[in-house]
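Two complexes, one shared chain (chain A), two partners (chain B, chain C).
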Partner chain A sequence: MGDFKFPYFFDYPPYFTLQPVQDTREKQMQLWKELILRYCQHHKCFIINLEQEFPLFQNLSIQRKLSFEAREVFLAALVAEGKAEWLDKAHKKCLVLWRSIQEWSEMILQLVRDNAMEDGVLTLDEIQSGDESRGTELAGIDRFVLVRALKLLEQRGKAAMFKGKAGDDEGVKFSAS
Partner chain B sequence: MGSGSRWAERLLESGALSDAGRPLLGPGEVECQLLDGVDIEVVDSGVEGDPLRSGLLILTNARMFWVHQHSRSAFFLPLSSVSRISAPRKGLKSVFSSTLRLRGAAAAHSSVTLLLSFRGHASSFDNLVSQLGAVLQSRAWETLPAAAVNPSTASASTPSSHWNPSRAGVSGILRKEQEQWEQTDKNLQEAFHDLNALMGKAKEMVLLADKMRARLLTEGSASGSQQELHDLLLSVGIASPVTKESAGALYHQQLSRQLADFVGSPLQSAGGMLALVDVYCLFNRARGTELISPEDLLQACDLWDRLDVPVMLRRFDSGALAIQIKSKSDDEVVARIMRLVDDLRTGVGAREAAKCLGVAPALAKEHLFSAEARGFLCRDDGPDGLRFYTNFFKDAQFP
Partner chain C sequence: MKRRPGISGLHSAAAARDQYRSVGENVARIRTDLLKEQLATFRTQLEEFARKHKHDIKKNPAFRAQFHEMCSKVGVDPLASNKGFWAELLGIGDFYYEIGVQIVEICLATRSHNGGLIDLNELCSMLSKKRRTSRETITSDDCLKAIDKLKVLGSGFEVFTVGKKKLVRSVPTELNKDHNQILELAEVRGFVLVEDVERALSWHPGRVIDALETLMKEGLVMIDDGHPDRKRRYWFPCVSLSSSNAEEL
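Right, the complex of A and B next:
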């Protein structure tokens, strides 16, 4: 995984100023939404905390950074599009779904098929960082997202989560055949 | 003049007479009243003497003269030394003549009473008395230079004991100025008193006008009387609420169109934009009569929004107002700005734009904003302030 390649307009100062003119702002939002998704995907970043620095939101070489208001606006736009979710009422923590929950659940099923585990059992930990998922996009998946994806599979009857014995991790039994 | 009248020489002062026998008056001293055939005698004063008979009594604003033309003698009494005048006691004398008692200080005597009597028409004497009263009351001699009170061709180096030295010199002048100032102040106060009364009336008028306005607002569609009322208010100079709500009174609409027609060619020659004050002058000069007020002009311009005219009123943040041709000059300005913004690295600030366009920075800023609003520029709000770049957002894409 190489360095993230920033687009050319990332070096243009106006990119970091929230544009007041409506049409221009719309375009700016589109660019930022896409950039956030791409960046998060590249770095396997799931959560953006507005109250903390996030490397994407500044460009030190041109000495510009997005204002708090701008960050809020762009993340809210992602949420409105369904590509992100607020994790708290105060809208300070944002879950970025550069893949939708649906897509994650499909990837899990794919993993299961690839490893012939249609009736098998896996711990959540194993899905996150086990041998099976190494090299796939699932590696390093956020626990919260994973659980949501598994819940979706549960609803489809393709899986069933269970709590492990004392000290053991949560697990999931698949019935994906 | 008999020896019995010596008292006069002692008590009263000798007045100088001109060659024609008229008393010499001092600067600012004017005669107020003359009465011929007046006697003066001294009474109740411990001084004996015969009366001065049948002289000409001359009252000035500073002194009272008694002049005997025949003997060319004249005496005077400075009015400042008169402390009291009164009607005489009833006596034989008063039956046949009009009399007046004068009490005052004279020479070495602190209190001396003189009796004036006159055998002629009582009304003439009454006139004199009232004049005397008036002069004594107004103390007219106090505003005169000290010399008026005691002019004399003789060497009067010793001033009379009745002359107030504080009236002389610089302090005297200053005091006089002070009194003049106080008088002016008093006059102004009286004048303002009238002005306040006038303003009170004006307040009532404004209240009345407001009531009429309120009525116009509440009244429904009695359009005939409403129009009349509205025109009445307009003629008094009060903007009718109806005008603001609707598309405007017919008058303003017509004015607005007329203005739009008129302003076309001056705008062209001025390169597309004119300050509103200039338009006001040009328009009124062209009209000649029936000049319009600044309020009318502003309203007419505001109406342009609703009419389809090729001119517009431009409001700048500084508060300045200008009229410009709608699209033309803006395009030109934008073109010039775009030529300036060829380097995406530094952008264009108000200062650079001002230099390029040849206008004040505030105006240049307005032009930048308008170019931004039209989508030609985008802004960078950085540590160096507001700067503008070509709107790259329009065509930006991920590579």
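Right, the complex of A and C next:
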């Protein structure tokens, strides 16, 4: 994972203030939305908590940070686009879907095929951090997202989740052949 | 010639005048012909020169500028037409046409950031970045020539000077005197505070805010409330070198 490259607007102070003029605001939102998605993908970050500091929302070198309102506006825009979801009614926690749940489920199927596990069994832990997923985008996937993706596969009849014996991790049996 | 008295004398004088006149006309004609011939020779030599140094003219901006000067002295405009001897020989018509198209592209791409006003030097550097594979140096002079060509095509591009900077305008919005004065102030740091403008121009705050709000509506100004001193800054993207990456835009 190389260094993250920040775009030109990140060093330009006005972009850290919500712009009142409609056209300018739209341009600003578009830039921040793309940046949020790209940053989260690069750092494998799935959840943004508005009540905590998030490194992307401030630029110390120019002494600027996004206000709470601005962060909420940008994340809400991502949610409206289907690229994020609020995890709570208060809109304080946001799940960033730089890949859609659908895309994650396809990647799991691919993993299964690549490892000839069409009828095999894997624990959720193994999918998150096992040998099979090492080097793929699945490595480090958020547990919540993983379960959602597997549920999608369940609906399609390609998988069935089960709870392990006491103390064991949850697992999934594939019927993907 | 001796003047003879009487009518015959008058006739002679008239005849003499006629003779002088025709000689005079001849002389004039000879002079013109000579000049035409000289010019023709000069033109041929210029064409020879251009043929020989085509490579240098394309690659070397200083040389190119001198060549243009030579041409204008002789009354030859290499840019006059896209077809025609010069354009074909030097591919110069294409060169400026190409730059013109890229300038339009850059202005369109940056419009949402700077509202349709861009610093000429910034435009030039973005243009060079865009053309970095062709390894030709593009000067601001080349940009101006290309923009001039664009004007002929009626594209609404214009270059104007504010303070120390030349700005290229690619939108119909024209700035009034108040706007220009604020723009000039903004050149110093890329932004202004209301109190700066009040002080520097001795305006009422109302007049300052009015002008700034119009500029904001035109997309030429962005606000910044994030400074630790909590004073609002009005930034002018067209006078800050903030968009350094052409592809991103």
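Criterion: the second predicted complex is superposed on the first by the 177 of 177 C-alpha atoms of A that agree within 3 Å, B and C clash if a C-alpha of one lies under 4 Å from a C-alpha of the other, contacts with A are read in each partner's own complex, and residues count from 1 in each chain.
Methods note: a residue touches a chain if its C-beta (ideal position, glycine included) is under 8 Å from a C-beta of that chain, and two chains touch if they have at least 3 such contacts.
All of these numbers come straight from a predicted model, not from anything done at the bench.
> Is the arrangement of chain B and chain C around the shared chain A a clash or a fit after superposition?
clash
> Have a look at where A:R64 lands relative to chain B and chain C in the superposition and call it first, second, both or neither.
It touches chain B and chain C both.
> Just checking: does A:T17 make contact with chain B only, chain C only, both, or neither of them? Give me first, second, both or neither.
Both partners.
> Counting only touches as set out at the top, which of chain B and chain C does A:Y8 meet: first, second, both, neither?
both
> Under the stated touch criterion, which partner chain does A:D131 make contact with: chain B (first), chain C (second), both, or neither?
neither
> Give the stretch of chain C that clashes with chain B in the superposition, choosing among 37-45, 73-81, 91-99 or 109-117.
Clashes occur only in 109-117.
> Both chain B and chain C contact which residues of chain A?
7-9, 12-14, 16-17, 19-21, 23-24, 27, 63-64
> Where on chain C does chain A make contact in their complex?
112-113, 191, 216-217, 219, 222-228, 233, 235, 237, 240, 242-245, 248-249
> So in the complex, which bits of chain A are touching chain B?
Touch list, chain A to chain B: 7-9, 12-14, 16-17, 19-21, 23-24, 27-28, 31, 34-35, 38, 63-64.
> Quick one: in the complex, what on chain B touches chain A?
For this pair, the touching residues of chain B are 344, 347, 372-373, 375, 378-383, 387, 389, 391-394, 396, 398-399.
> Could you pull out which chain A residues touch chain C in their complex?
Touch list, chain A to chain C: 7-9, 11-17, 19-21, 23-24, 27, 63-65.
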